[in-house]
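Both complexes shown next keep subunit A, but they swap its partner, so subunit B is in the first and subunit C is in the second.
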Partner chain A sequence: MSEKPHGRVFDLSLHLLDRQVLDRDGRMVCKVDDLEFERGADGSLYVAAILVGQRALSHRIGGRLGVWIRSIAQRLSTDDVPRIDFAQEDDIGSAIKLGASRDSLGVAPLEDWVREHIVSRVPGSRHESE
Partner chain B sequence: MRASDLIGREVVGADGARIGVITDLRCIQDGPLRGTQAALRVDSLLVSRHHTGSVLGYDRERQRGPWVIGALVRFLHRSMHVVPWSAVEDEGPPVRLRPGPRITS
Partner chain C sequence: MKFLQVALGILTAIGGFVDIGDLVTNGLVGARYGLSLAWATLLGLVGICLFAEMSGRVAAVTHRGTFDLVRERLGPRAGLANLVASFLVTALTVTAEIGGVALSLELATSVNYILWVPMVGLFVWLVIWRVKFSILENGAGLLGLALLVFGFALWKLHPDYGSLVHQVFVPQKPPNERLPSYFYYAIALFGAAMTPYEVFFFSSGGVEEGWSRKDLMIERLNVFIGFPLGAVLSLAIAADAALVLKPRGIEVDSLGQIGLPVAFAAGKIALAVAILGFVAATFGAALETGLSCGYSIAQYFGWQWGKFVRPRQAARFHVAVLLTLIIATGFVLTTIDPVMITEYSVVFSAVALPLTYFPILVISNDPDYMGDKRNGRLMNALASAFLVLIVVASVAAIPLMLWTRAGQ
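Up next is the complex of A and B:
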């Protein structure tokens, strides 16, 4: 008979990939497009980071469609694939909850830029008390 | 290495015989502390001979739900193996297992 594991058990494809990521205030951050592993000293693989964005997703989709998505995404940004260190993870449930604020993660630079430079200047975009 | 590198990858035995395709990676949250939580360690591979789709959790006893879907998923994955990560000799591709007990359906 196999020994019952001590920690919680997750199937990555079932429980993590494509799940919504929320920040500490419950605001939506992104979806889990892929997961990056790092190797421990004992040779085990550990989940190290959530990878975000079209380039991460294109790697997962693969094939011609993946190449097509990646080539477009690379034209829009030459930076590294945005990632969230898994140390930020606070809880895994129907969504992945983080202990950090969305603003500090920098995983959606275009969205952040649009919010700061365009949406914030639209009359009525802020809360009435601000 | 990424999850997408392993999911979908073919698995062969020590003799090179095909066993199936990785459909999912089972992790246990028992690794060293990472932030406020234990790290997720890859514990085993879910390997299916016939189908590469997800088993939707129907391989677990506590997963209840529409029995028709459960029966269909169990039929599609009737030859699914849970291969411990410690049995992996080479991550490939293809993933090659160490010599040991022969994995059968």
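Up next is the complex of A and C:
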């Protein structure tokens, strides 16, 4: 993370971790479950990506519960931990806004599965409430 | 138009204040202790006003629901513990409300309540699935106003109002009752008035309706006029029971007994109106608690939630609500007495209160989020004092429950 993005000092744990992430249309995407750092050419650390999902979260929950959540999550999915490139970030406020659309990110496999296999099959799932 | 909006908000707040917990606890306590425990309801009223106002203000300024911010402030681990506890208490409340609707329908139809339970569960889900948020919220709140018939019954009973007011403000424990039970029921009333889901629902509802800073006035009028009038309704239920049931030594252990004073004082039609009120109040609360279960899980994990998007857009949220309703309905079908579930749900609500109310107090003081809308000094002084009270009630609840064998 560069020293002062947008000319403001950000506290990682206060302003980034556990904050809600919204897509460009204001739809809810996920929480910042964990962060991935990379070291720049000058040796300073910067935030490379937002990590998403139970596996990312389990490391921060820690303890036996964390191990338990992680081992269940690993059995359910062998893919890499879903991540959002931090370059997609547009604004940090009471939520973190992305420049991309939720559907292009593919960070919520469970949401997609549930939508396809359960919710879509119930009549009325595509309609506005009346 | 503005005036209509404000009036509607206040009316729904009145009708929405009372749920199965308030009905049962106020009826039961009124029949046993008269109005000598009304102070606990009034105390709970002040508490819910303070904290609902804060959570509503946070929602209007940040557009984030309460549980969203709970995780941010407590971190993932403590936040998860909080989620589990709050969810269990709210799910238990869903169970009590579904049972309450079924019992009310039994009163109206004489068909055993168990037969109504699956239909009630299904109907609650259908409304959450299909009906627009504003209609869902206002419809249940307005029908709940039928409970005003308890006020009418009180008037028809021609009570000595001076003595009632005296009982409220100079409380005296009935001499034949033990002190631990007296305080156990004080905590139950406190928990019934301040049930945590009310705050989840109020704040998430604010986000559903797209509140912003300019809606703060409406938000405050709802809370500071609507809730107190709702509490008057609760007190009227207790007063009716105190005047009709207590002198005859009738102990309340069913929903029907809570309606008896209305029938006694004002006749059959009034009783019909009261039963309509029971159905509306419990059904409305079943909707609110069912949604609240989904809100809290979705807000913790960052899922899309809410009825302002199509169900397809908030798939996990709708599935969470559906599963909660299925489990709650199944639980009522085990024939556990819904009145008993209600009595436990209000006490466990009291236990879980600090989990919800402490983070709200912290967030509503956060200058980063709230800017110039953060708490003033008076608000903070009152809310901090209340937090002490909430913690005392929370810590004392379980020991008192064991000691008194749940108030016997």
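General observations
In this section, the second predicted complex is superposed on the first by the 120 of 130 C-alpha atoms of A that agree within 3 Å, B and C clash if a C-alpha of one lies under 4 Å from a C-alpha of the other, contacts with A are read in each partner's own complex, and residues count from 1 in each chain.
In the analysis below, a residue touches a chain if its C-beta (ideal position, glycine included) is under 8 Å from a C-beta of that chain, and two chains touch if they have at least 3 such contacts.
Since the model is a prediction, treat every value here as computed from it, not as a measurement.
With both structures placed on the common chain, the touch criterion links A:90 to subunit B but leaves subunit C unconnected. Once the two complexes are laid over each other on the shared chain, residue contacts for A:36 go to subunit B alone; subunit C is not touched.
By the document's definition of touching, both partners, subunit B and subunit C, reach A:60.
Legend: residue contacts after superposition of the two complexes on their common chain; A:12 is shown touching subunit B, with no touch to subunit C. With both structures placed on the common chain, the touch criterion links A:44 to subunit B but leaves subunit C unconnected. For the contact definition in use here, the residues of subunit A common to its subunit B contact set and its subunit C contact set are 14, 60, 62. Residues 61-64, 68, 71-72, 75-77, 79-80, 129-133, 300-305, 307, 309-313, 315-316, 318-319, 368-369 of subunit C are the ones touching subunit A in the complex. Of all residues in subunit A, those touching subunit B in their complex are 5-14, 17, 34-37, 39-40, 44-47, 51, 59-60, 62, 85-91, 99.
Within the complex, the subunit A residues that touch subunit C are 14-15, 18-21, 27-31, 33, 57, 60-63, 65, 94-95, 102, 108, 110-111, 114-115, 118-120, 122, 124-130. Listed in rising order, the residues of subunit B touching subunit A in the complex are 1-4, 7-8, 23-32, 34-43, 46, 54-57, 85.
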